[in-house]
Amino acid sequence: MKICRVEKPLVATNRIPGLEHRHLQVVLDGKSRMVAVDAVGCTPGDWVLCVGSSAAREAAGHKDYPSDLTIVGIIDHWAED
Amino acid sequence: MKICRVEKPLVATNRIPGLEHRHLQVVLDGKSRMVAVDAVGCTPGDWVLCVGSSAAREAAGHKDYPSDLTIVGIIDHWAED
Amino acid sequence: MKICRVEKPLVATNRIPGLEHRHLQVVLDGKSRMVAVDAVGCTPGDWVLCVGSSAAREAAGHKDYPSDLTIVGIIDHWAED
Amino acid sequence: MKICRVEKPLVATNRIPGLEHRHLQVVLDGKSRMVAVDAVGCTPGDWVLCVGSSAAREAAGHKDYPSDLTIVGIIDHWAED
Amino acid sequence: MKICRVEKPLVATNRIPGLEHRHLQVVLDGKSRMVAVDAVGCTPGDWVLCVGSSAAREAAGHKDYPSDLTIVGIIDHWAED
């Protein structure tokens, strides 16, 4: 899993039906920016745990959900370095 | 998911039958160029959300579709930096 | 599989139910920091073998476990270079 | 999918039975060299479309085929930059 | 698939039962060091073909085997550059 920081929500009105209405968050993994499905309810600035690969699908709710990166936890304390 | 910009369509007449006649788009992820299956109907210049890993298959329509990168949404507003 | 060094446990109280109460470890793969599910019981400083991709799910216990990196072995002797 | 250039065939006589007798091609993705299963019949110098991840298995013919990179199309026109 | 060079066997006595007693090899992919399950019987110095992603599981013997990198062939002739 990756340790990422939540930057802001992402709005994509024109999306495939499979993405449903889940919240998407722009996250920073070091300096690279990615988008993750939010499965825990986080807010900008949170340090979160993101799971990728095929596990991101189940983590987002069910096996057919088309996610390759899902936020699965909020880290209690994290000091960036 | 990755945030990419659509560059142009890709033409590959000689392809495996499994790829069907779906539209393929050349997308830019920062400076690296990749090809994604277009599941939303986008045009060059659009900022899009691309899903990879095994989720790209379902996102392209069905589990047996041979995609490893599928465009699943068009981002409403995006400012490149 | 990757050869990583265990740094410290990671605490994420607010997590999806699927992660259960498994121990999570911050591991170093060279200079990059990641989080792995601990399936062997390791301690900080150990050199470990981490499996990623979809194999991380089975390695963590069962096919539905949402892991993309699981510690599957402790290396007997390892000299960093 | 990746845009690669075919360099030359790869010969590996001692291989697992699962690889069968499919043709393997050394391909260049920018400056990095990889090996892909040839599902279209290409020749050195061709610009091809390669699919990775779990989709490479189906693209190579069937779900149990052990490929993580399969050539699925020949690009009609490509100008390297 | 990746073209790697076999460096040496890896010993990890404390491992999850799922890894069984298969041989593990430290392999070099350019300058990065990884560990692969040996499905062909290779020796240090051999140039080998390694498959990753979910295909590494089937290549290691069966679908539940927790590998993300498996040696599937020995390359007949390879000149490093």
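We call the chains A, B, C, D and E, going by the order they appear; numbering starts again at 1 in every chain.
The rule we apply is simple: a residue touches a chain if its C-beta (ideal position, glycine included) is under 8 Å from a C-beta of that chain, and two chains touch if they have at least 3 such contacts.
Only a predicted model underlies this, so the values are computations on that prediction, with no experimental measurement involved.
> Going only through chains that touch each other, what is the minimum step count from subunit B to subunit E?
2
> Going chain by chain, each one touching the next, work out the least steps from subunit B to subunit C.
So the least number of steps between the two chains is 2.
> Between subunit A and subunit E, what is the gap in Å from one C-alpha centre to the other?
Distance between chain centres, rounded to whole Å: 32 Å.
> What whole-number Å value describes the gap between the mean CA coordinates of subunit B and subunit D?
Whole-Å distance between the two chain centres: 20.
> Two or more other chains in contact with one residue: find those residues in subunit A.
Residues 52-54, 56 of subunit A touch two or more partner chains.
> If we trace the ring from subunit B over to subunit D and keep going, which chains do we hit, in order?
Loop order (subunit B start, subunit D next): B, D, E, C, A.
> Going by the contact rule at the top, pick out the subunit B residues touching subunit D in the complex.
10-16, 18-19, 24, 26, 33-36, 52-54, 56-57, 64-69
> Quick one: which bits of subunit A touch subunit C in the complex? Just the residue numbers, please.
Per the touch definition, subunit A meets subunit C at residues 1-3, 39-40, 49, 51-56, 58-59, 70, 72-77.
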